[in-house]
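In what follows, structures are represented as structure tokens.
One chain, subunit A, appears in both complexes that follow, with subunit B as partner in the first and subunit C in the second.
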Partner chain A sequence: MSKGHKGFPWNHVIGFFLSIALTIFAVLMVQYTDFSKSTVMFIIGTLAILQAAIQLFMFMHITEGKSGVINIINITYSVFLAVVIVVGSIWILTTGHAAH
Partner chain B sequence: MTWDQFFVTGDPLILASQIAIALTMVGLVVLVTYLKRWKWLWKEWFTTVDHKKIGIMYILAGVVMFFRGGVDGLMMKAQTSRPELEFLDAQHYDEVFTTHGVIMILFMAMPMLIGIMNVVIPLQIGARDVAFPKLNALSFWVFFVGAMLFNISFVIGGSPDAGWTAYFPLAGKEFTPGVGNNYYAIALQIAGIGTLATGVNFIVTILKMRAPGMTLMKMPMFTWTALVTNVIIVAAFPILTVALAFMTLDRLFGTHFFTVAAGGDPMLWLNLFWLWGHPEVYIVVLPAFGMFSEVISTFSRKNLYGYKSMVASIVGIAFLSMLVWVHHFYTMGNSGAVNSVFSITTMAIAIPTGVKIFNWLFTMRKGRIKFTNAMLWSLAFIPCFTIGGVTGVMLAMAAADYQYHNTMFLVAHFHYVLIPGVVFAVFAGLYYWWPKMFGFKLNEKIGYWHFWLFVIGFNVTFMPMFFVGLDGMSRRMFTYSASTGWGPLLGLSAIGALILAAGFAALCYNIYWSFRYASRDVGNDPWDARTLEWATASPPPHYNFAKVPEVSQLDEFWENKKAGITGLKKNEIEEIHMPSNSWTPLFMAVAFGIVGFFLVFEWFIPAAISAVLIVIGLILNSFDYDHGYHVSVEEVEETERKWRGDLK
Partner chain C sequence: MSSQSTTPLEYQGQQNQMTILGFWIFLGAEIVLFSTLFASYFVLEHNTAGGPTGEELFMLKEVLIETFLLLTSSFTCGLAIHEMRNGNKRDTIVWLIVTLLLGLGFVYMEISEFIHYVHEGATIQTSGFLSGFFTLLGTHGLHVSLGIGWVTLLIIQMMKRGITPVTARKVFVASLYWHFLDVVWIFIFTFVYLKGMM
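Presenting the complex of A and B:
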């Protein structure tokens, strides 16, 4: 169990606080600025991708492990899920009845 | 808030339940004290990290929840058995169908399947436990506390009443101001943590802890379905987590994610709910498919037909399961393109499912079939489930769905999918693995009563619902007039529900009878089965396998039996490293329960204070350096001698 984990887990702590900071930043930006809707969406989208990257590197051990194949399968599946959920939801909720 | 708002008052049925609950709890405490079993309970069950015991606790919880959800169902059937009955009023009926749905899916089907997975999967892959035993205990206790929190709603504070789907705006504060839907949001959130942890735990277990030589394509079919199920859990449950968090924020803190006011969108709830909800259907049905595969193969005395196509169709179903969620709300007013695409993906799911049905049929073809109880459930599953599947394809067509949507036809459809697909499977699995779990078989004769009553009752209950549905009865109607002409069919359906209940009673009697009288001499392999769990004692020793088995082919245990390779050599026994018991999972779960309870009533200061307990639990776990203990060679030898006789 203790093998391979030496010292204080700085990565986790930094990643944790960065994630919280990015989330709070997104909320503050929406609450207290009056950017146009497309600007807001752009900034939130960028923050989301940034946060996903932080999670991958700080928590998800993407740089560890011998087998690159497993990482590729994981990432492909995650991207597939993210696209289905995000693009699918936007498509469903902005077309049809909701568009009128 | 006054006391008569805290406790639900004014309904004699609920008053009777409150008294019954209080008496049962006092009775349990007295019984355990009288039998002096507190220490045993604590040591053997409450703090255990043994996957077999955790699995048994899951199953026990599932049976209890089956009873609760079943009583809800019987109450609905009683209310609609005659036109214009006044057994339940509209509000009470709403509460009953809401709790029936939530409990049957999340607190009956899920724990039954996860329970059987817990017992069987590590044994089937030749492992000594799951990858993270303590996390497994946490999963169970968090699930259990969430389930209990949900269950007390009807006596304390009031039940959720917006349907198991809890659609906004109805489920919002504006239209359901009571605490009922707070229970929904928070209890499901707590239980969901457990499910997600189970998902991670089993993926790691199956990928990392298989016996040497067991490649992916040599895994038993139940292990395959469990793996894919847990991948879907990890993919889908976070969506529910987010949706429930938004719901909680809306209800408790006045945000507007799903409200009509202030730019919220109630349709976003539907969308997120079914993004989780549809994969959830496959989460409960895939392990069931795996169990049927094991049972059918064992009792046809043949290996599973089309193993590779079976694996491909499971993975195909998992892939498609994320792409069909809109078929639950075709009538929400989506664009034609959206509905068309989702119609096609939905119908496409019938293809891999059909492949599996034919594989099971071909497995039986020319097999020497043994009609045990487990096999009977598997045989009954195929035609009943096919009716559910075919009506599903009818519902999948968006244009036609405008006719069926939210009618009793739909209700009949999903009961025809979920009861054969999950409940029959759980019964098959219980009869099949019971001797492995407890060291005795369930009685086959009483089992026949259970089987015939349940299957006949099931068809009599739900078949009429197709017809009243096509006749225009919408779901969730608490009453109807005699002029609709639905009376006779719904009356028949109510009679069916009684037969169904008699079937469940027969199961309970069977468990009682077998526990007292069944022969304890079942050996390690009572069914002459094929997979590794049957290679060790029944019930297995806490370390599962004295020597981790080596695998070179599918159905290794079966092939070894045929080749005459059995037994264990004395010099093969080594010290075994096992995880220690731990009380922190139970502690954490109780802490979650206390915080959840305060949040339900929106008592934020007590909630914040008791949340400290959760943090304490996290810290305790983080600084836990217990690396388990070792079972000595002598102890292993002694245990193995008990069931093997002398070692070579």
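Presenting the complex of A and C:
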């Protein structure tokens, strides 16, 4: 992944059109298909993660600089914590463990 | 990764590198902050207490406009950094101003959306669902508003001092913040609005 500073910012333009396309695709999935709710959620959830990755790698240049590896580890760890917090909360509070 | 012939200005010097690394660590903390708000929202989502549900409330058109405003502002912010790395002060500032205008448009749309909901009788006190909703969306909107103030100050500083290692680093860090808010919005759009409208 070479990032020449000069010239046309292809990375950004491609990232931008991808994110617009993914957003429209997600809306179409919700409005115009009759898949089950969980199937649609799985697909648009995947699209959201893809879009986040586009932002991180194509716009924020997460791997750039001397601490690129540290950045990846740090963000991966934060995302892990976020998943534990969100999934854990839903799990605990919807399966009846808290109903005592 | 390390194929650049010259290091961008904002990475020059130990202090600048440490500041950028520190800001990434801050963003990690922000991810965890927003995850707690998302968790509260998901847990309270179905507790509408006789008030309106997301399906009745959410307006796809307005939300899509907000999404495109923020996506485009993230793109123009990236272009500002691109121009800054080319040493082009005028274009950097122009793209930053475009970013700000799009951000202002987003905040305007969001506030009028909230006012509309309150007129429909959906306030933060109506139900658990709406408490979670307004807290999550409000925190994001507050971040965007703070970002607008921050970038405004940086534009003034860059006009006065030009592109130096210090101003370049400041603008770069602000751009990371701005892109991050777009990432959070993508998840709000998908897991609050689209999920709520199904």
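Methods note: the second predicted complex is superposed on the first by the 66 of 100 C-alpha atoms of A that agree within 3 Å, B and C clash if a C-alpha of one lies under 4 Å from a C-alpha of the other, contacts with A are read in each partner's own complex, and residues count from 1 in each chain.
In this text, contacts are C-beta pairs under 8 Å (C-beta built on N, C-alpha and C of every residue); 3 or more make two chains touch, one makes a residue touch a chain.
Computed from a prediction, not measured in an experiment: that's the story for all the values here.
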Once chain A of both complexes is superposed, is A:V27 in touch with subunit B (first), subunit C (second), both, or neither? second
Return first, second, both or neither, reflecting whether A:L93 touches subunit B, subunit C, both chains, or no partner chain. both
Quick check for you: in the superposed arrangement, does A:I85 touch first (subunit B), second (subunit C), both or neither? both
Look at the residues of subunit A and decide whether subunit B or subunit C touches more of them. C
Should A:I14 be classified as contacting the first partner (subunit B), the second (subunit C), both, or neither? neither
Regarding the shared-chain residue A:A48, is it in contact with subunit B (first), subunit C (second), both, or neither? second
Overlap of the subunit B and subunit C footprints on subunit A, residue-wise? 1-2, 77, 81, 85, 88-89, 93
Can you tell me which positions in subunit A touch subunit B when the two form their complex? 1-2, 77, 80-81, 84-85, 88-89, 91-93, 95-99
Contacting residues of subunit C [partner subunit A, same complex]: 1, 3-4, 6, 8, 11, 17, 20-21, 24-25, 27-29, 31-32, 34-36, 38-40, 42-43, 60, 64, 67-68, 71-72, 74-75, 77-79, 82, 85-86, 175-176, 179-180, 182-183, 186-187, 189-191, 194-195, 197-198
Listed in rising order, the residues of subunit A that touch subunit C in the complex are 1-3, 5-6, 9, 11-13, 15-16, 19-20, 23, 26-27, 30-31, 37, 40-41, 44-45, 47-48, 51-52, 55-56, 58-60, 62-68, 70-71, 74-75, 77-79, 81-83, 85-86, 88-90, 93-94
Report the residues of subunit B in contact with subunit A in the complex, numbered from low to high. 235, 239, 265, 267-268, 271-272, 275, 322-323, 326, 332-338, 625, 627
